[in-house]
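Here's a structure for you.
We just call them A, B, C, D and E in the order they show up, numbering each chain from 1.
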């Protein structure tokens, strides 16, 4: 279980996150919504440890991870699909996927599970191509697949549907649902694509200007309510 | 709609103009102090110090030139020593000719030619007895070489370290070429033993003073010129070349000519620096083209603060000043001190000495360098 | 010389039967050795050699090894350690006061060599005879030595040595007054011909002042011309192979010098100006290991190099790790600043070495198994030291390739270098990988230093001599491309060695640099440039 | 002041540090020695050491600093000819004194300089004469191999003229140059080997500095021994051999005006003093400290200067110059050296040594008397009648 | 906005862009395969298609970033794109927004727009250039349009992802190109922003020729209106037609839209 308590963050002097709190439970999909530039990515980076937290606390399965390095969090079972894909451009697709298993023992990391290839057949086709040569959408698929291979307890997805064709968005939706239903994994999904998030999320958090302005169960919060917070 | 949007950034702020004027005046006063006050007088400036400052000004001019291409355009040259040396050699040819028959062999040829049994000047020495022709060479030789080399390199889109390394190869090749005695530039010894310039005794204090003032004028002039360039829209294009060359192409600029323009200009300025350097230190030889010399120039720029124009001047004075001091005061240990300085500056003064001043200033004003996000505008919309 | 050899040969034949009969050497024979009349000394050598006994051999050998001393009373002693053996008396005793080494100059040394190898021709030991015969062939046999060769041939049983001697004899026969003998000799030499025969054959074809040929026999001249051609084409073939080999060996040196940089600069993007100093550290470690061996394991001195390899690797590795932890680590993503900082590091390392070891070079000797070489194609010597370096370079490259491409560590290294933040996010301890990678690059530079210590100077400036070349190699091959570095290094080596004979060393070097500049114009990202989007 | 300052201008860093550092140290030792005997004119000498860092313009700057800022009475320094050329104008302008201790190409004579190293006729020519002699192996063909700069070029030019005068054909002379720092001698050694097939060949090496080790190693690799093709070098001395495994070099030659191995009481005490000094000052590698020719020349130069000052009773440049003429000094070489009355060069003995396995030289030939320098070589046209200042 | 016809560009046949038989292959892999496509003057054309269909590559070909292996690409009747460099193409009147936002991060927002502005972009004019008041007004109006007014002095690198997208669109407008290529302009934009972008494009319709690549079907429907939509697949045109036709196409559903 991920627990975020009163997290604050600054870029220089601009206060980007202002006391953000939220929790993500196992088997649950939490959608993080908000307009452009409100600090969603910043929050996710703080959770992953890419950015330092100025004040506040992040804990994972009861353990305080606020000060841990990203790789330590990855080892603790948190996987991250960043905005902008961030694949390893000059490694092959296959090597990129192997990197997803960096936290596993080398025996486990020896083979790439067929599951991801089934989900993203294009990756199998292109497994010997360099990651950087893939199209934007293909790279996004690669980034998601890489995170799944990590067998995480929590997966953080920053706009995973960006640049992906509709049919695959549907597939990704199915995967997320499946992962959620399997019950051993928490999902933190940051999305602009409201319909997509709405379909998957158990809970919503809406941010504005670095603050959580609304949160609650998907069932309780009506679509209208949420959309109102997102309107410009 | 917005008064803050100036059509062109101002060349210098009022404060900067004042500072420039004061520094220039003080610098210009030094040779007077040397000439007017007798040695031993409290206000006397020794010829040694004067010579040192003059030399540093030449280095500063070279550093300034390098900053134009490196700091603003992102082209790291590891071969600017070549342009410096070429300017020096071009002027050196005149100075050699000006020795006349006062050389050891009392020939019309420079000593090294006599001694290699040359009977006459090779073609490339033609007309070098004319001062103004040599001055033209000072500009043309580095300029044309830079233009041609740059044209091919930039056209092939050679970038980054690839460019840096071939500039290094270029200066290295030139160094080997000039080392050859057969090349006709005095080999390893280069040109030295100059006697007069435009008829004046080159070692006379008055001549030195004039050379000093000329150097100062060029340095200040070059600073203003460079500042004018980088504050123009062209300056912004150059920075665009540095940060995202392909983006620049997609909005319709041809980076080739922009790069070529600053590159050539920079080489010419560097050549001028070399030309001013040679009569004042009395020797030009191929070791000026060694890879280490060019790297040192880069170090001056980095230490002073790249992309600031003034920084490289400060850097050249600082590094060379320290070097002069250290080599005399701690002859056994000075490399440790200098090496440590380089490391510390890199680690703790990311923007060089000038950046340090700016940070201090910012600290005093308590305004962070990074303007806060203006959420207001968003709300207004 | 010729005169002396004749004496020597004659006396050898005469004294042959008397071998080993004498007990001691006549002091009058020995006396001139202690004097300083060069001619007398040469003659004394010949006379002593003519004794052709073990004592004589001992004296001559001592002369050769600089272990013959004069005593104040004008005698000589063969000195081993602290005792001297007096060849005039056969007595061995402690060294008297005032002994002084006999000065041997090249002329005397040549005479001694000749005498010893002459004696060796008749030695009972096959290996000695073979060596002597080969030396004779190489140096050329004068007509005066013919007698000796003929004699030796008469008793020689080993076929190989016989052949060698026959060739040697043929060389001498070229001067024979008998046209038939000369002709046979010319023909016999057609396929053993060494370059040293050229002048003699050439002389046969030349005209005298009066227009007549030096060699009156027309057929013979034809045969000589043929042999000459044969030799020439042999020589030019050997030269070609030689250049190929020299190029390969220069390429291997460049490769070893550049390989560490291919990692620290090519892979990590650090413009590592201190790379040269890491080579230097490797070389100085070799020096220290050698010193330790000299001190503690003199018996195993020949194998100090084997111990130096891991030592140099680890010392350079440790220095690299130290640099990474203290300086480099703060500079990732600021490649140009690394240039400045590593330049500073390089100054400091150089001056440290100057302070500790002095500004002068230190001596690193080649182990004896590296001395000499194999002779191929008649005259081409492929030195063992060069061969060793080529093999070593190949091994190091293979190891680096395996580490980077076949291990998980290698994958992590590449991933971290491409996208440090993301590698961190997938669970790679990036700062440890950074440290290991820089350490690996440095360690490999250390290995390069071991190799460089075997062919050149070990001094504070060692690194400076290789830094520019190393960057050229890495860039030429394409930054980040191991294969490029290999091809780049070997390519530069070969081009250099084929250019040098034509253009000379200076212009050759200039031509190489111009070649690099032009090559980069054609391939702005180096030889093995990556193409496509992944590069952006 | 109650001290007399003298400047020491030798590179302690950069490429020349390798040779020049020990000159600085020997100069300091000599100054200590003079001071221990009461100094000069009753005043102690005070050394001002600077590091021109193998950078020629910096040499000029430092020279000016020594002369005009530190006001030294004389400067002892420089190694390469180019460094000397670059400081000359300073010494001329300020009318001060430089003592230059290294063998050089000649073709220079400056009022403000005293040359305590060898001119070509005190080193190169005798060496070649020796190679041509019976004892030297009777060489008929010559490879003139050098680093491409003035000293080797001039020396070789003089040698070529000399060899011609001895009837050696042009086709029997090969002149080869390599760049500074050249490290790969495979091709050149192969060529020497080929060339030597044409007759008894000797190599005259004016290779300078760092290239020597790779050159000799390659010679060894190719199996060329001194008895086959002797190499005589003009820039390789004891100090350089410290960094070389001398086993493969056995018998190769060097020509100098002094070797550490010469036996005489003056030298014995010089060498002893130096070793003690090195140990006392904890110089790096003090255990293997050696002396060499330029060190001896430095030693002689400083002593002669001190004698001249005593004689002139002044450190005034012109007076000291006048007093220098005809100064004599019993040098470690075993000869009493005289400063020429007119040409500012020492009369020096010429010695030829063969390299021994312990890194020392055994002297195989030497002149009976010191030889007068001919800075203007008669083998270069236009030099006739130019032997004076 | 500017006149559609720029001097020199010959669009007498009504089309502004012709791609015929374009093939691009990377080491044997055909990213584009005999692609034929025309865009008429003033048309707003939407391009959709699976990831990896070759949409971005096609834009690369049009803007000179990638050279076609074979085939011809013409801008108007007279500009052979295959022979032109990137900046010549840009100068001739083709502007592009990249799939990932690319702005000059070290320049301020204002400077980004200023650099993009239509003008003589050779060295000398740039050196002596001064901003006229019209040009200032132009920049100010664009700033308002992309809602970055008040932030013109911020470094572009500090903007959020969405803001960068807008800035890039602003730069595009400053360029006043005749043909605008937009590669996924609303990726990462919030729904509200997307709607605004759609609005903007609908305004630009007819004034410029526009080619839009997007995966957001809502957005595409909004801007395509009754215009043509092209579906690329494996490097060639799979289907072409009005949005509703395309959406109903079984093959398009199979490879792209999904069920």
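Definition applied: a contact is a pair of C-beta atoms (placed from the backbone, for glycine too) under 8 Å apart; a residue touches a chain by one contact, two chains touch by 3 or more.
By chain, with names taken from UniProt: A = Urea ABC transporter ATP-binding subunit UrtE; B = Urea ABC transporter permease subunit UrtC; C = Urea ABC transporter permease subunit UrtB; E = Urea ABC transporter ATP-binding protein UrtD.
As the structure is a computational prediction, the values presented were derived from the model and not from experiment.
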Chain A to chain C, fewest steps along touching chains: 1
Partner chains that chain C and chain E have in common: A, B
Chain of greatest Cα-centre distance to chain E: D
Most remote chain, CA-based centroid, reference being chain A: D
Central chain (by mean CA position): B
Whole-Å gap between the CA centroids of chain B and chain C: 45
Distance from the mean Cα position of chain B to that of chain A, given in whole angstrom: 52
Cα-centroid distance, chain C relative to chain D, in whole angstrom: 29
Centroid distance [mean C-alpha coordinates] between chain E and chain D, Å: 74
Contacts with two or more other chains, residues of chain A listed in rising order: 11, 37, 133, 232
Shared interface positions of chain D, touching two or more other chains: 12-13, 148, 177, 179
Where chain C touches two or more other chains, by residue: 350-351, 355, 464, 506, 509, 532, 536
In the complex, chain D residues that touch chain C: 12-15, 17-18, 20-22, 134-137, 148, 176-179, 181-184, 186-188, 190-191, 193-194, 197-199, 210, 213-214, 217-218, 220-223, 226-228, 230, 239-240, 242-245, 247-248, 251, 253, 283-285, 354, 356-357, 362-364
Touching residues on chain C, where the partner in the complex is chain A: 408, 411-412, 414-415, 418-419, 421-430, 480, 530, 532-536
Contacting residues of chain E [partner chain A, same complex]: 26, 29, 49-53, 55-57, 99-100, 158-163, 184, 187-193, 196, 215-217, 255-259
Residue ranges of chain E in contact with chain B within the complex: 63, 65, 85-88, 90-91, 95-96, 102-107, 110-111, 114-116, 121-123, 126-132, 136-137, 139-140, 147-154, 158, 171, 175
Residues of chain D defined as touching chain B within the complex: 12-13, 49-53, 55-58, 60-62, 64-65, 68-69, 80-82, 85-86, 88-90, 93, 107-109, 148-150, 153-154, 157, 177, 179-180, 380-382
